[in-house]
Amino acid sequence: MEVLTDGLIDGLIDGHCHRVLARDLDRAAFETACTEADLPPPPGVSYLDSRVGLAVRRWCAPALGLPVHAPADDYLARRAELGWRATTEALLRAAGLAELLVDTGLDDPDLLGEAGLAAASGARVREVVRLERVAETLPADTGAAEFAAAFASALDGRVRTAAAVKSVAAYRHGLAVPARPPPPRAVQRAAGAWLRGGRGRITDPDLLGHLLWAGVGTGLPLQLHTGFGDRDLALHRADPALAQPFLAALDPRGAPVVLLHCYPFHRNAGWLAQVYPHVHVDVGLTLTHAGDAVLPEFFELAPFGKLLFSTDAYLLPELYLVGAARFRHALRRLLDTWRADDSVSIADAERITALVGAGNARRLYGPGTTTTVR
Amino acid sequence: MEVLTDGLIDGLIDGHCHRVLARDLDRAAFETACTEADLPPPPGVSYLDSRVGLAVRRWCAPALGLPVHAPADDYLARRAELGWRATTEALLRAAGLAELLVDTGLDDPDLLGEAGLAAASGARVREVVRLERVAETLPADTGAAEFAAAFASALDGRVRTAAAVKSVAAYRHGLAVPARPPPPRAVQRAAGAWLRGGRGRITDPDLLGHLLWAGVGTGLPLQLHTGFGDRDLALHRADPALAQPFLAALDPRGAPVVLLHCYPFHRNAGWLAQVYPHVHVDVGLTLTHAGDAVLPEFFELAPFGKLLFSTDAYLLPELYLVGAARFRHALRRLLDTWRADDSVSIADAERITALVGAGNARRLYGPGTTTTVR
Amino acid sequence: MEVLTDGLIDGLIDGHCHRVLARDLDRAAFETACTEADLPPPPGVSYLDSRVGLAVRRWCAPALGLPVHAPADDYLARRAELGWRATTEALLRAAGLAELLVDTGLDDPDLLGEAGLAAASGARVREVVRLERVAETLPADTGAAEFAAAFASALDGRVRTAAAVKSVAAYRHGLAVPARPPPPRAVQRAAGAWLRGGRGRITDPDLLGHLLWAGVGTGLPLQLHTGFGDRDLALHRADPALAQPFLAALDPRGAPVVLLHCYPFHRNAGWLAQVYPHVHVDVGLTLTHAGDAVLPEFFELAPFGKLLFSTDAYLLPELYLVGAARFRHALRRLLDTWRADDSVSIADAERITALVGAGNARRLYGPGTTTTVR
């Protein structure tokens, strides 16, 4: 409560998030959406007995007019009573977000569109273009020989109004991605195999590498999924330290790279952000799920001017509010600790707060050209 | 002191522990048994200058009638004066354990038997069957062709009253274990090599994999050593994330897996517990040695319904009391922190305490059929 | 302030550090020297918005007569006004160091010599001999066949008055170094290739292994760079756990090994220090950059008698003062926490402080034979 009314951390820019469901859901679906799991818990276990579950009852219950820590049943009943639309608007407004950078690479007919998200949140919405999705949605008749040109053209069309591009290579091949643009012949060969194979997930490192290097070539910030996520990834291949050769090969004055999530490798990410000028670190997803105590570890090696806030919220508007509240609370707690032993002045604490909450994102992602929907 | 008298965390179920020595020991042996080391410290260094050493003097000294923080010499003198039997009874009683799941795979003629352990502790004792030990104790005339059947039969006989099976594959081959049952031919070949080689440690991944998959086939929870231990293991091969292919291949509605210890990979373990319904995490050994501050990290990603308490105590009854006291204290401290910033209600804090201390173990390991010794 | 005047942690022995610049520097150079980066930050980002930057303004500003948290511009103006020599003396004196073990392996004509460092600091200065540097400075006409003998002779000459030897193999090949002395033939071959290639960095594992094993053979403590550093190293190859086969192959009663820095693998290092009698852990560099909150993690598994203080300061005298102040502050904070829940007696807290701050170093590095410069 003290945090949500805290003027110091208002107008957050959510640098990486997803759309929410435009329909009601039952308890089982709600519970699962509170986690990175996609399977029901074993009998006797509730996914709401978790950091996210407690946070929903703490932060979201009051936003829906219930007491803090309302039981999960009460919360879900209230949610059903209000319906998804009113719930979404109440929670997104309570999150106090000024701008949302939305990864549009996850398709689901039940997701609220960007305009709806903007209307519900009162925030400006800009797009993050998922590179793999651009390839997957190329015209059906694209051949291997045309792949590179077709991808370049499609990407060019998509990035004109986008805030960033994004890669989920961590989910496909892991982060040991090529440290130089794969040669055209290799790309054509890999594209051919992928096209012939039915255009499923792109897992070939040359093809993923081509997408990554094309993404860097747009000049927009490149967001890179690193660290945990759903069970579709191999955790030990999602360590951002494995991307060091790729990061080292980039022009340090060129397109910035944002390492998303990072946990449990966030300390590795912080080091990369300290020694590579173009590397930045985003706390999204991690704070939401792992809790306040992780934030201080992001503030160990990464320069404060390269730390970014996001929620990585998906499906549930609760995850927007939890992500934002958790961030505000964790940052205030960290700075209170520093203040308590006189490690930082009040003026610097306020300045750092403004940087990580919005200033760094504004500098990195630019003013954008999209019309603001309010 | 406030913890030992704390009714909230009474009746702990110690989900993984070992037997204690049924004899007195000298200072050097006592010091070494307080660590995962098996060699004496360098001159001038005492292993009691450690988290465990301080904890023994804090928690065990009063249980033996000495002041808190009694010097190590006083403590050892008092211990010698009482003798191992009275010491064991005093410390085990003070630990306040309702049930012990004892890994019987470590043989030593000087170890107190299960009945003695039950009598000394006042706790019910059930068995955890170590898979590798079952193989090692097959009849001397077992041939390669009979190995699989002989192992199956021996295992079947052992697990009827057991609470769980356990594997120490992390110590032998590491956790990159086979993601499918090794084919019978490969098992026979590996068994033949192992039998001919004198039936020493089982290090062949096919043979270890056969044991693991047979263990899962019993339907009992499979306890898996992960993370640190003694110097017999290669730490970087004991990361539970390396077992992801194996875990992913199991039926999520089948036998549960309990990742033991986990440190320093406990955050990886927490993720596995979040995304795989059958995966659970146990804090044993880690809390005892690494201290209170690690517990909050176990509560980051793992659903609270999948977190388990154990001591992993071995040789010294002190390690039972230290493990239990550390757990009680660390959990109360974590929940006090959450309470202090209103992250959890009192009712939920009490409920979570009951789950992790005993409820989850009761659900996972079942009621058992062993006669309770009291 | 409470820390610098704290008599409990006076007379620190800085077990691993480097020389400082004997010239003034501009803001850009100063900022970069506060980090492990060697490239300027991106526009809009200051490297002083970091844990080190805040610490300089907190601890060093008062030592130069400015208020705590003086703005960076004021600090740099004051520094320029005083000049490098007066600045160096003020900061080194404020650091309260009794002895400095200086790695002399970094050459730069602008570095203050050891005598100057001793005069400025009022501390005794002893040398740490960098093994790779000894090889690199062998006579120009050394041939492959003479390499081993020439290296042995040069090393012998250098270590007579040294406190320790050091290897930066982590920067060259990573820490998966040979677990036995490479055979003479392999060393000669690798030396030949290196000599013919212009005697650049030594990256051949056989050659690095020869240096390491020769270092161990001196009987002096072997300091091993592990964990983070500048971008010249591959982070995932700098995990000290990768050196386990090498460490396991050493005589546990022989030359001690000191794992330097360790972060973000310091928990792995702590385990190595617990199970291998000859392995020790040094907090240098890590505390300076990552902050107070990391120190407790060093105190998890490592016996307290095997934990060592250093600053790893380089180029800037600020890094001496920040490293020392951070250590004092972090250690006091940790012990205050332990005291607050009665985990340690006052007498033990004082004893542990004395061990880690100086006693362990005195035992490990010996009294030395170098004349004290005061």
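Just so it is clear, A, B and C label the chains in written order, and each chain counts residues from 1 on its own.
As a convention for this text, a contact is a pair of C-beta atoms (placed from the backbone, for glycine too) under 8 Å apart; a residue touches a chain by one contact, two chains touch by 3 or more.
The chain lineup, named per UniProt: A, B, C = Amidohydrolase family protein.
Just so it is clear, the model here is predicted, and its values are computed rather than measured.
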| message | Shared numbers divided by all numbers used: is that above or below half for chain A and chain B, i.e. same or different? | response | different
| said: If I superpose chain A onto chain C using their CA atoms, what angle of rotation comes out, to the nearest 5 degrees? | reply: 120
| query | Just how far, in Å, is the C-alpha centre of chain B from the one of chain A? | reply | 37
| When you check chain B against every other chain, which residues touch at least two of them? | none
| said: Looking at the complex, which residues from chain B come into contact with chain A? | reply: 239, 241-242, 244-245, 248, 252-253, 256, 267-268, 271-272, 274-278, 296-297, 299-301, 303-306, 338, 341-345, 348, 352, 355, 363
| note | Seen from chain A, its contact residues with chain B in the complex are 1, 35-42, 44-47, 49-51, 54-55, 58, 68-69, 228, 230-231, 234-236, 263-264, 289-291, 293-294, 329, 333
